[in-house]
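Each of the next two complexes has subunit A plus one other chain: subunit B in the first, subunit C in the second.
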Partner chain A sequence: MERTRDILAKDELEEREISFTTIPFGPQHPASGHFHASVKCVGEEVVELTPYPGYLHRGFERLMEYRNHAQNTMLCDRICVLDPFSNEMGYVNVVEKASGIEAPQRGKFIRTIMAELGRILSHITWIGIISMALGLDSGTRIAWGDREKIIRLNELATGGRIYPCYFIPGGVRRDFPEGFKEEILKVLDYIENQMKLYDNLVFYNTTFTMRLENVGILRAEDAVALGITGPNLRASGIATDVRKDEPYDAYPYVDFKVVFKGKGDAYSRALCRRGEIIESISIVRQLLEKIPEGDFRVKWGLTKKVPSGEAYFCCEAARGELCFHMVSDGTERPYRVKVRGPSFSHTLAGFPHLAKGVYIADIPAIYWSLDPCPADMDR
Partner chain B sequence: MSIFRPAAIMRNLFKKPMTLQFPYEALPPVEGYRGRHLLDLEKCTGCPVCSLACPNKAIELVKVGEEEKEGKKVEKKYPQIHLGKCCFCGLCEEYCPRDAIHMTQEAMISIMDKSQAIYSPDKLSQPVG
Partner chain C sequence: MDNEIVSILKSKFPESILSSVSEDKRIYLLVKREEFYQILSQLKEMGFDHLSDVTCVDMLAQGEFELIYHLWSHTKKIRGIVKTRIPRESPTIKSIVDLWIGAQIHEREGHELFGIRFEGNPNLMPLFLEDWEEIPPFRKDFDIREYVKREYYGEDKGYFGQG
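What follows is the complex of A and B.
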């Protein structure tokens, strides 16, 4: 199909005095989240999309400089609300690396189990959101209902539903409660069963496939140049995963596949996430079998000082690579923390790139196929 | 694939709904839930550890009177918590050296007036219910 982009270059359109229409996308759009973009279009086709971030800027990096390392894990939860464990995982690991301590094996296993449950939680929420963006409302209700099951697990293990505040440098703050293993297995069985429903209702539903197939094709070289990571990069045919490339915590002890697809369109990105839910379920099962007994933490004092120096740590969050760079000046507080969140490049570089030359109706589909988190983007 | 499946429709008719009718019924709170704080005045020595552990500076030590220690008169202080600032992380509970502060399972703490969010030592020590 010939699109405006192919027929005329942007300058040519201006020269011919073709009138543009500018439509705001968000922050009040039902499918935008806390994100605003200005969409410039000719007729039904988008010529240019300009993102305006900042609606959810809370200055975490600055706030972290005023708090000690135990307190900062509370802030890390809030960087991405839908995937709190990965953020905590990144922070506690970077502090452990800088201070040269190591968490006990059981602590590492617990952290990995919770991070994988967080990934399932995040992907199931995403099924709900993309269903809403595409008008499949029953998918939204069912997915958000299933999300509750994992939130209940969070509550049982950590005492918090949305903000677990669970990891701490040197391990985790509590051990698993009694009978928690069985509870996890019950929920995993339930979700595995629900995946059949999602296949019928969402992933292989004609409404869903027709809206996403061949929309927003991201080529592998563009994806690398734009800094896209995680499932979005894997959907473009590059099988890279921090969990596999540089295994941390308990990932060396599990066997799993890196899910990737070749086409790079919005539908491949959706299928990648579907595959990841299934892989994560298998990872949690393996970890629950292998989890050792013993201590789950080494004591981390409130005023424990971290030797001066710097550390860098990367982990695989649900949305892509999440990296922490921390500089310590020898006190109990970090001198500077830099967070490299996955959604920043997805939304600010990937989204405008993909939105060129598509129809206006495809904008929510492309936006949510990237699974951005405005909280993570603005930080 | 057709989404019209009569068997599934019949099954759904007799299934329990996913949601609860909230104000009339609610999920029971779990063991270890981090809700409103409970202060044990007998154990609390008035040391500032909880206020130092709080990431949001929600805990303030307030003077409640004077007591005699080794023949000297010293101020008696107890923590006062501003629940509007509290993020319910539970660090105060974790770092309390005397095990005097506990998080209860009480989650229904909505208020209509901001000033009610400040929990004085007296209010904090009252059992939940």
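What follows is the complex of A and C.
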């Protein structure tokens, strides 16, 4: 890796008048999601990668200033399509913090259960996407089929499959339906069983390991400097997890370990996500055992005003640190909301850094090993 | 530990720290813009190695922009929230790219959506908007509804500019 970088020092190439080829990566959906990068290369080696985001910029932060807090929870779903519960979790918590209310215990437990199911959902979707990027098509079909099981749970509890609109400041919109606990346990058993299949088919498959091992090595100090968080940072050996460091909602009541690896290559990032699915299954089981009876929300009127001031809240989304900063001016609408999505740093800072000096064929593997979400990046 | 950090900062920069709160493993600081860079670099030396975000808030009534730097320390597990204010007429501030390289894209976003000039940032090209000619869209004096009506439903436009 170092040798390639030395040879491909940009100035030197210009001096020697070596001609570049520029290749577009994306924005077609199967390749990169709604994201375009221009890859400048010499022969097969990448010299520079320039990201061009913006295909999914919908200006949510600004739109939220025109809507009340209950409406904004629905906008939050759309920030990241694959991981809606974490975004709702961040927003409702920041509003609760700013207005000084607290959700009842049952509401907190329900929120945490759904957020963890959302994490499993997001990681299983990722198994499908990275299998597609590496040409392991059967992995894609099976993973996206299993994703449907959790989406059914979403539908059962909330009525929405992809965009649940379930959390609300002060708790959740409605209680779990009857028999939902058993349904969750059935799905968890099924996914736990499927993990053996994924191990054989994806994680320990030679096609998979050979494409990802020693590719896109992100050193710990680079990862920290670039603002990388979540599983991508933990794969570089830094065990930071907001759920553990600043426990929120029902996380203080569960026992789980932070999955981390040391090497920092694309394969470690994959194994981190595999470990997190297993941890999340155990978290949901513990929460279902401990979930208390009682109210699931405190009353929150649609036009409830939030006292002027500001609040800041961070949670651990499936992709990393997700923070909301909200400024209120005493009306029912926020004055300013800032969303710090994990994919913003991963794709715009981390991806160009990792792409320098690699072969073109490794670009999709590196990109998808970071698990980017263009919707979350553009907002 | 958080109180310790605040007292060290206060002794080093007695003039510049306008207010400080430390509670629940979080430090909130409001600092003067003249020395904000020195304070941030001091915080970085003290172990705040992760720059989480750079947030801009348009304080239209006060005629100021508020810049909020969200820091986190992977070793100490403390959050630091440093705020500074710059005048709205000349929104210029020193870039912190040489402290945290990850700040580059956050500043680029702030430049595009609020029109703040970060001096020393090597690349402030637009990220999201294409051929934008209006005032930066996240400023409070930019009227989204008026813009949408004019741009997409104007008399000469027809429905979505196709008429």
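One rule holds for everything that comes next: the second predicted complex is superposed on the first by the 373 of 379 C-alpha atoms of A that agree within 3 Å, B and C clash if a C-alpha of one lies under 4 Å from a C-alpha of the other, contacts with A are read in each partner's own complex, and residues count from 1 in each chain.
By our rule, contacts are C-beta pairs under 8 Å (C-beta built on N, C-alpha and C of every residue); 3 or more make two chains touch, one makes a residue touch a chain.
Just so you know, these numbers come straight off a predicted model, no measurement behind them.
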| query | So, on subunit A, is it clash or fit between subunit B and subunit C? | reply | fit
| said: Looking at A:163, would you say it contacts subunit B, subunit C, both, or neither? Reply first, second, both or neither. | reply: first
| field | First, second, both or neither for A:348, with subunit B first and subunit C second | value | second
| request: State whether A:200 touches subunit B only (first), subunit C only (second), both chains, or neither. | output: first
| request: Figure out whether A:67 sits in contact with subunit B (first) or subunit C (second), or with both, or with neither. | output: first
| query | In the superposed arrangement, does A:155 touch subunit B (first), subunit C (second), both or neither? | reply | first
| query | Just subunit B (first), just subunit C (second), both, or neither: which does A:177 touch? | reply | first
| Where does A:358 make contact in the superposed view: on subunit B (first), on subunit C (second), on both, or on neither? | neither
| task | Compare subunit B and subunit C by how many residues of subunit A each one touches, and report the one with more. | result | C
| From the CA centre of subunit A, what is the angle out to the CA centres of subunit B and subunit C, nearest 10°? | 100
| Of the two partner chains, subunit B (first) and subunit C (second), which one does A:338 touch, if any: first, second, both, or neither? | second
| query | Smallest separation in Å between any Cα of subunit B and any Cα of subunit C in the superposed model? | reply | 13
| said: Applying the document's contact rule, which stretches of subunit B touch subunit A when the two form their complex? | reply: 1, 3, 18-19, 27, 30-34, 49, 52-53, 55, 87-91, 94-95, 103
| said: Taking the touch rule as given, give the residues of subunit A at its contact with subunit C in the complex, in rising order. | reply: 53-54, 57, 59, 61-63, 66, 224-229, 238, 240, 245-246, 312, 314, 321, 323, 325, 327, 335-336, 338, 340, 344-345, 348-349, 378
| said: Show me the residue ranges of subunit A that touch subunit B in the complex, using the header's touch definition. | reply: 67, 70-72, 74-75, 141-142, 145, 148, 152, 155-156, 159-160, 163, 165, 173-174, 177, 200-201, 204-206, 302
| query | Along subunit C, where are the residues that touch subunit A in the complex? | reply | 25, 49-53, 55-58, 68, 70, 72, 74, 77, 79, 81, 100-106, 109, 126-130, 137-138, 144
